[in-house]
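To keep things simple, chains are lettered A, B, C and D as they appear, and every chain counts its residues starting from 1.
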Amino acid sequence: MTVEAEQAIPAVHRGEDEVPFVDIGDGNKLRVLQVIANEGLWIVENIFQAGYEVQKHRHTGPVWGYTTSGAWHYKEYDYVNRAGSFLYEPAGSEHTLEALEDDTRVWFHMYGSNLNLDAEGNVESVFDGPGTLEAYYALCDAEGLPRPDVVTG
Amino acid sequence: MTVEAEQAIPAVHRGEDEVPFVDIGDGNKLRVLQVIANEGLWIVENIFQAGYEVQKHRHTGPVWGYTTSGAWHYKEYDYVNRAGSFLYEPAGSEHTLEALEDDTRVWFHMYGSNLNLDAEGNVESVFDGPGTLEAYYALCDAEGLPRPDVVTG
Amino acid sequence: MTVEAEQAIPAVHRGEDEVPFVDIGDGNKLRVLQVIANEGLWIVENIFQAGYEVQKHRHTGPVWGYTTSGAWHYKEYDYVNRAGSFLYEPAGSEHTLEALEDDTRVWFHMYGSNLNLDAEGNVESVFDGPGTLEAYYALCDAEGLPRPDVVTG
Amino acid sequence: MTVEAEQAIPAVHRGEDEVPFVDIGDGNKLRVLQVIANEGLWIVENIFQAGYEVQKHRHTGPVWGYTTSGAWHYKEYDYVNRAGSFLYEPAGSEHTLEALEDDTRVWFHMYGSNLNLDAEGNVESVFDGPGTLEAYYALCDAEGLPRPDVVTG
């Protein structure tokens, strides 16, 4: 009994122009490359300007960050992410992002949700892949861009 | 260049007696088989008595349930899980568990966290693998059981 | 900006009768509950009769086995899987399955492929989720069963 | 019963200089950022020179490629990966990599093994994370570099 699939499954490519960055305020940018809702997977790329902050949050799944330009850090740690930095954020990690230089560019490969925490550590709001995709589409619409072909399977 | 590891990694076995069930109230039981904190993975087995309820919660990662005896359902759906039932709960699924028969036994293979929701849909509390493991150990201690050798890697 | 999805994703249930066991020879049985081809996920349940063997194989992803009746072991290890046994087989684990009692029933939750090894350790064949699903469908057809509604997303 | 872990798990950072590229022949380069052997996860970054080829292989788990400079393609497809390209290679995908420009730089986030195929489609060899890590360490030793602190959990 041979039980390997006959057919190879194709790889899926998106060029930089096919999935554009949109402005999320003050020159900070977002594009969403892939969301597999059932798996809790979301992959985005950001361009941050110096001073941009992301509210303290806790991850419920593992996250990886690949920085390709600029500089940013988590306020809770001493190290600085620069071009070529690799960052592994296990499930249960918790931190506050701050961009230190303009045009700081980072890929984030994420599983699970971001639990956004208030000063007392309570969950104030939740960010996840499907919600981020809806927001990205809305921002594309607002900028008059055609709906990008984000990979959703 | 051969780049497959020489050494096979061993499989890890736990017999039923090595990881005992503890009472979580009214004859309902829990045992925790594995927690990989970094991955957000937690695997538990429950024995529920008729009428047991789990607060409405939303999953941030995928979950699988394998039922081996009894009957239970999610109040939001018509189907009933019985011996041999397979249940796939994608990330983003949301429901309220109710046991319908005594000695209902279910394996849960879970990624991510349970966001426990109040009547307005706000996150009231969060359950995750490491927290559940701490609770399990405390319940073992309280019953005078030796600390079980839960798989944590 | 609220970025959590509004809509909860439904959970997916299959009762034991909806996804039947088929004979894979000598009273040994297989049913395939779920295959997510893109992720390399495949979930099956087996019923083995005493003496049944699975060729030595190496896993390329992690695998979990939940035994609910009977007895089986890997020839390479001393422990025996019985009702209530939990088994974690990391990626890179390698072993030869042998059933020790009739009506040994096991759920397998698997990522990746089985690399079936000959006596010299060469890869003789490969089993994966999509190939196993094709084989399962063919066996259902051969038994005159309607095509079962295996979860494929 | 509160069952979320008290302690946040720290994130793990590696700067570009901490995990150096090594030469794998003809100016092509590799560095290995992370291997979680049990999960089948391996994350590498490559710098390819024009004309570099990787033997046709099949993936047993999903793979993602983030290109940050240069140009490369799979011979089986028309599209070209350039700076900003996103590539999703599902489990079961199969292809032959060729670099088209010098200093082509790509992050690969991989689950499972590469099954290297001969002209008849037989598995000639297997590459996995632990084996690639061993090879990387050996190349570091050969270049007289200190052993890099690859993330292995």
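Throughout what follows, a residue touches a chain if its C-beta (ideal position, glycine included) is under 8 Å from a C-beta of that chain, and two chains touch if they have at least 3 such contacts.
All of these numbers come straight from a predicted model, not from anything done at the bench.
**Student:** Quick check on chain A against chain B: do more than half of the interface residue numbers occur in both copies, making it same, or fewer, making it different?
**Tutor:** same
**Student:** Name the chain whose C-alpha centroid is most distant from the C-alpha centroid of chain A.
**Tutor:** Farthest by centroid: C.
**Student:** Suppose each chain is reduced to the average of its Cα coordinates; what separation in Å results between chain B and chain D?
**Tutor:** Inter-chain centre distance comes to 34 Å.
**Student:** With centres defined as the mean C-alpha position, give me the chain A-chain B separation in Å.
**Tutor:** 29
**Student:** Distance between chain B and chain C based on Cα centroids, please, to the nearest Å.
**Tutor:** The computed centroid separation for chain B versus chain C comes out at 20 Å.
**Student:** Enumerate the residues of chain C that touch no fewer than two other chains.
**Tutor:** 5, 7, 9, 37-39, 90-92, 113, 126, 128-130
**Student:** Please name which positions on chain C make contact with chain D in the complex.
**Tutor:** 37-40, 60-62, 90-92, 111-113, 115, 123, 126, 128-130
**Student:** Looking at the complex, which residues from chain A come into contact with chain C?
**Tutor:** Within the complex, chain A contacts chain C at residues 1-7, 9, 24, 36-39, 113, 125-132, 134-135, 153.
**Student:** Would you pull the chain D residues touching chain A in the complex into a rising list?
**Tutor:** 5, 7-16, 19, 33-34, 43, 45, 58, 64, 66, 68, 74, 77, 79, 81-95, 107, 109, 151
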